[in-house]
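Order of writing sets the chain letters: A, B, C and D. Residues in each chain are counted from 1.
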Amino acid sequence: MQKIGVFVCWCGSNIAATVDVEAVSQALAQEPGVVFSTNYQYMCSQTGQDLIRDKIKEYGLTGVVVCSCSPRMHENTFRKTCEKAGLNPYMVEIANIREQCSWIHKDKAEATEKAIILGRAAIAKVQLNAPLQAGTSPVKKRALVIGGGIAGIQTALDIADAGFQVDIVEKKPTIGGKMTQIDKTFPTLDCAACILTPKMVDCAQNENIHIYAYSEVEAVKGFVGNFKVTIRKKARFVDTTKCTGCGLCTEKCPQKKVPNEFNLGLDNRRAIYIPFAQAVPKVATIDPDYCNMLKNGKCGVCAKVCGANAIDYKQQDELIEEEYGAIVAATGFNPIDLSKFNEFGYSQSPDVVSSLEFERLMNAAGPTGGTLLRPSDGKHPHTIVFVQCVGSRCDGGEKGKPYCSKICCMYTAKHAMLCREKYPDTDVYVFYIDVRTPGKNFDEFYRRAVEEYGVHYIKGMVGKVVPENGKLKVQASDLLDNRQLHIDADMVVLAAAIEPDKSARPLATMLTASMDTNDFFTEAHPKLRPVESPTAGIFLSGACQGPKDIPETVAQAGAAASKVIGLLSKDHLLCNPCTAQPDEMMCNGCSSCEKVCPYGAITYIDKEFRGPNRTTLLRRVAQVNPAVCQGCGACTVACMSGAMDLKGFSNRQIMAEVDAICK
Amino acid sequence: MQVNKEWTPTIVAFCCNWCSYAGADLSGTNRLQYPANVKIIRIPCSCRLNPMFILRAFQRGADGVILCGCHPGDCHYTTGNYYARRRMTLLFSMLEYLGIERERTRVEWVSAAEGAKFAATMNDFVKTVTALGENKRLEDLRCKE
Amino acid sequence: MQRVKEKAIELLRSGEVSRVLGWKTGEFFYDLTPAVFESVEEVEKGFVFSLFSGANLSKYLIAESKKEGKIAVFLKPCDSFSFVQLQKEHRIKRENIYAVGIQCDGMCDGESLRSAGCEGMTGVEDGESLTVHTLYGDQVIEKKEALLGKCQTCKSKRIVDFDELIGQQGEDVPSDRFAEVAKLEAMTPEERFAFWRTELSRCIRCNACRNVCPACSCEKCVFDNPVSGVQNKAVADSFEENMFHIIRAFHVTARCTDCGECSRVCPQNIPLHLLNRKFIKDINELYGDYQAGADFDSRPPLMDFRMDDPEPSVIYTRGGAAK
Amino acid sequence: MKKIAISELNSLFAAIAADRKLYIPTDDSTGQSQFTIWEEGSILSRNVNTVRSAKDSFFPQVENLMGFKVTGKQIELIETRDPAESFAVFGVRACDVRSFDILDRVFLTEPVDTYYAQRRENVCIISLACGKPSETCFCTAFGIDPAEPKGDVTCWMTGEALYWQPNTEKGEALTAQLSVLVDADVADIEQEKAAIRATAEKLPFGKLDLSAFGQGKTKELFNRPEWKALSQSCLGCGTCTFICPTCQCYDIQEFNNGKTVKRFRCWDSCMYSDFTKMSAGQPRPTQTERFRQRFMHKLVYYPDNNEGIFACVGCGRCLRKCPIHMNIVKVIKTMGEGTK
């Protein structure tokens, strides 16, 4: 039996005006286990807290009930008070007699009766409270960033800058991501490569950063502070320690017909290649799908020309195991596949291009050397139509996405502006549903495109694009003028919706991080915890969480990094003590709890138990990792035998409250 | 300790800590009235609500039981209320199947910002249960003495 | 039916298994007992597979599969669903089991014959219809009338998991097993309440339904556990009858394969399967068709969700006549 | 000897029920019979026996013993005993009548169980000879004559009439109140009795050999290997116990509704894993020991303490209702054979 002290707060007149606090403290003094009961003007004041402290000592209280404002206000205050008096902070229960009683009732008798009942429920609960200790778990001071785009790079740089080790895993042969393919950036029109490549070099040179390029995460085990990750380093067939990146092999390779993914297949590369001049790491990679030597053992030119003797046709994938305290997902995005959008003729005409392809066609390092030429005939286009929201903001249907891809309005304004600037003889049309420009200097930028550069912005949808006699017949409607338009265009540029990278879904499963229906990672709280996954120790950076432009991505990357730094700067993590706990003797080992745990906190072990008549029984029983469990209680209800219970909100505690309220 | 002679129902409201309990607090902060026979029990998440607690409440004299949780999709623990939703749907359906008035049980999603919704929900629920009268079909006579 | 016994002998003789789980002859023709046979002699003396081998043996595997050596088990189609469900829940060690699937055309037992009107039974002749010898003369009854309740609404002749099959593999069969549930749903709440009070008030809390149920395999049932807060040993109040049966049905929701054993063993003939079937029917209607134990991979509906699941208020708007 | 026409049964019951509660076997919605309180319209069941035995009348499954009322920090004792009222049970078969003797030896020896005794004193038992015994009946093995059941009154039913023979003062007193009965000749039922005995002769277990059991057999039987196989598939449910007319074990529990605490007893079963569990643990850790306890109690321990009387009356309920068809007959036969 506990020795319980009850402290009824007046909260000035907030409670005392509608609740007879004296009657409450007297009535509660009659409850079993209560050895002291009083009321005071402000329990949360220093004097009030001193009162609690003194009475804990005077009466040797083992439990404290404070009838006051919401526990969301002062539960922590009173827990700390009790802790200072030597009482376990989890031996405190709050009866909410302000927000949920005095403030909502006018009849004093009624409110007083309710306050007594709420007090009884708290007393009944505290009778069953047990002292709880928050456990600790050590933190491995190393972070993993999955994805080496601008998001991953920035996160890694910031973490490294704080003095922590950080690894980047990038599935492509080089880091840099989508930003490497972009020509200019809005709204400043500075060159993407000029601002990105120094950061890539910083990564390579930073002592705290290790880059696993051409690598993928194979498995993730463990939990916050203690992740164990298996990384698959794919075979490049080139010894990266020897390769100098001279590029001779990429010139001599006889296999010239490999679509160059860096230029989105607008030109070709060799079977051995370096994606682009500023690649990091700048080493060659053999594409096993095209290399004759690897496919049928005939060739070997690259090995012959390589002065560094770096070619190794027998190289195998390598599995690396590494431990991390935190993991950042920065898996980025891709434009959606446009082949389903037949109405825009994407598959029929090479002159219908996606915005990213257009980006390459404008880029000095692109397939055309920066001169805007039509892919079909290499001629200069005079009329260009930009179509917005291709696959974005689609309700239903399997083709598109329900969300706004966010970046298209701005990059289209940029493209249109650049066209008009470089080639004033071109007519540029932009068809849009809405123009969305909420960002610093964004709207000004868009208006410049319209007002200074003379881009024709037309509110309306393009219905059809039909290739005909070397032209693209564009049928569209102008919603503001309410008329049908027919434009003979030379090029059509589609602002394709963006979607999370396909690798994100399996990764989320490995991380037990939740995703939304569009496969974007879910944040722990949409407003207050935007860069954390609900799974502890998993952080989100960049477009894998939702569509973002570069400044937003960099901002989020920095935010994720600061969260990681905050985590890694701790030697130990203090765990939430109100975690699930299985009674092994009653556990069936059925995995029901494991299936509903959103955090992957539950595992199973085979454990020996003493059976009747000196026998031993091997039984499968659940184990909860208190460092991972967040205490939601989903498992406690999934558990049929009642083996799984939640500390601080146990079955018996809740039922005791029910009993007290209903009697 | 009955204050009024007139019968009023006993209502147990289970509220999740993160949304609905905060919503209830907000309705208090805004001084939005609802009857005093509603008593709230704080649970971490709607998925913590074991059907046994609901039956227990009826056994011990409750006339209505309501569960309030975060709106689907907004669960603090991401998925808790989705599980709670299935569990409660099936449980309520079973109670109905046994001939127990279905209006005695309810689930409402109340966010931390919906103080007004919380109060309105409670007012409506109390009205509904009052109209039904005493819980006779799932009572335990030993608790009525 | 003789082939089943021969198979048991063959498996023991070849050393494939060290024990066989089957049915043992009784004192009458109908009172077979589940039993473990450890030798060919024991099988020859006591093993029988007959019209009265209704008992679902799969639950015994929880304990038996954890013992030394391999055990053979004979599974009728409905039993095989329980067998798979137990595997999904990691309750049995499959590697210690040799499962023999046997096809089945429905089973009877003493009580089902008695409710078909036989008393003082001393023997039976199985044929087109059943000729039952009694102390008071012979009685001929239609087989259909004598079948166990669970067999009258057989859902499947498919044997879900087995190492070997005796007879043909079957398929799911159309069954109107939800008709009785639908009939109840169509009643007014008052009628339903009266119906269940009549039925459940006969409960003597013998726990036969629970102890025979393959899904009720808890190490310790909450109703037996003094620390659970809901322990009770007898129905001290009608509330406890409701509580026990509601919670038991809820605990086996989406895990109950509808094997029908609960209703078969109830000494008071309470139609307990109608509780389980209500949950199955609701799940099928609200979350899509689901059959527990029909496969190894599906996620049990209570451990799963869809974001667009119906709200609990759906039950206000469907089924059942208004008051 | 008295009698009444079958068609007049209702008036007989009404007459008995005039000043007391009367329990008679009636059919429930599933066709099984149960003792229910007679009311206008009740129809006497024609089944050979009820699912639950007649012991429920004196030893109900749940019975309040006392209560405690808690006011603040004061505790007050409350009497919860039902007031004494006389009642009658009609249609008790010979086997169940014998079971009362077996229960009496437990509950009415010092210290007397006053709750049981009070009901026992106030009852009038009206037994009924078995017209059509079931194949599961084996009362004759225990020396019970289904054609001549005991009780305060014995009844026989023929096609046309119910014959009524008071045996005790209570029975005589009741008979005196029943003007609906008319005089009858004892010889009238001789034929019926003979028919019952003839059927009883044919009962498959009517002559069950019980020589291996009884007083002083503990040592011979306790460690026998057969127990393991017999108990192997036992589910550990309480069906056999709760329908048994002679099982008498109970547990004492409390129910606290927050204001009052009720102390009640309820049937317990030795088949349950927590039966007689003590702080040191469970004295019978596996189902084998629990199973053995049940049958050793009925066939050895009870006779040991009660001049060799077996605590089984051969009603056959467990033969019908055990979910796995394990029962006392199989135990008697298996252990008996093993002894030979």
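Criterion: a contact is a pair of C-beta atoms (placed from the backbone, for glycine too) under 8 Å apart; a residue touches a chain by one contact, two chains touch by 3 or more.
The model shown is predicted, which means the values in this text are computed figures rather than measured ones.
Chain centres here are means of the Cα atoms, and by that rule the chain farthest away from chain B is D. Interface comparison, A-B versus A-C: the pair with the greater number of contacting C-beta pairs is A-B.
Chain centres here are Cα averages; for chain B and chain C they lie 36 Å apart.
If you average the CA atoms of chain A and of chain C, the two centres end up 47 Å from each other. Inter-chain centre distance (chain C to chain D, centres taken as mean C-alpha positions): 30 Å. Shared interface positions of chain A, defined as residues touching 2 or more other chains, are 596, 638, 651, 655, 659, 662-663. Residue numbers of chain C whose C-beta contacts span two or more other chains: 222, 229-230, 236, 302-304, 307.
The set of chain B residues touching two or more other chains comprises 51-52, 56, 60, 79, 83, 87, 140, 142-143. Taken as a graph of touching chains, this assembly is fully connected, with contact between every pair of chains. By the touch criterion stated above, chain A contacts chain D in their complex at residues 30, 32, 612-613, 659-660, 662-663. Residues 51-52, 55-56, 58-59, 72-73, 79, 82-83, 85-103, 106-107, 137-142 of chain B are the ones touching chain C in the complex.
Residues 255, 257-260, 262 of chain D are the ones touching chain B in the complex.
Note for the complex: chain A touches chain C at residues 517, 585-592, 595-596, 604, 617-620, 638, 640-643, 651-652, 655.
Of all the residues in chain B, the ones that touch chain A in their complex are 1, 3-4, 10, 12, 21-22, 24-29, 31-34, 36-37, 39-45, 47-53, 56-57, 60-62, 74, 76-80, 83, 87, 119, 143.
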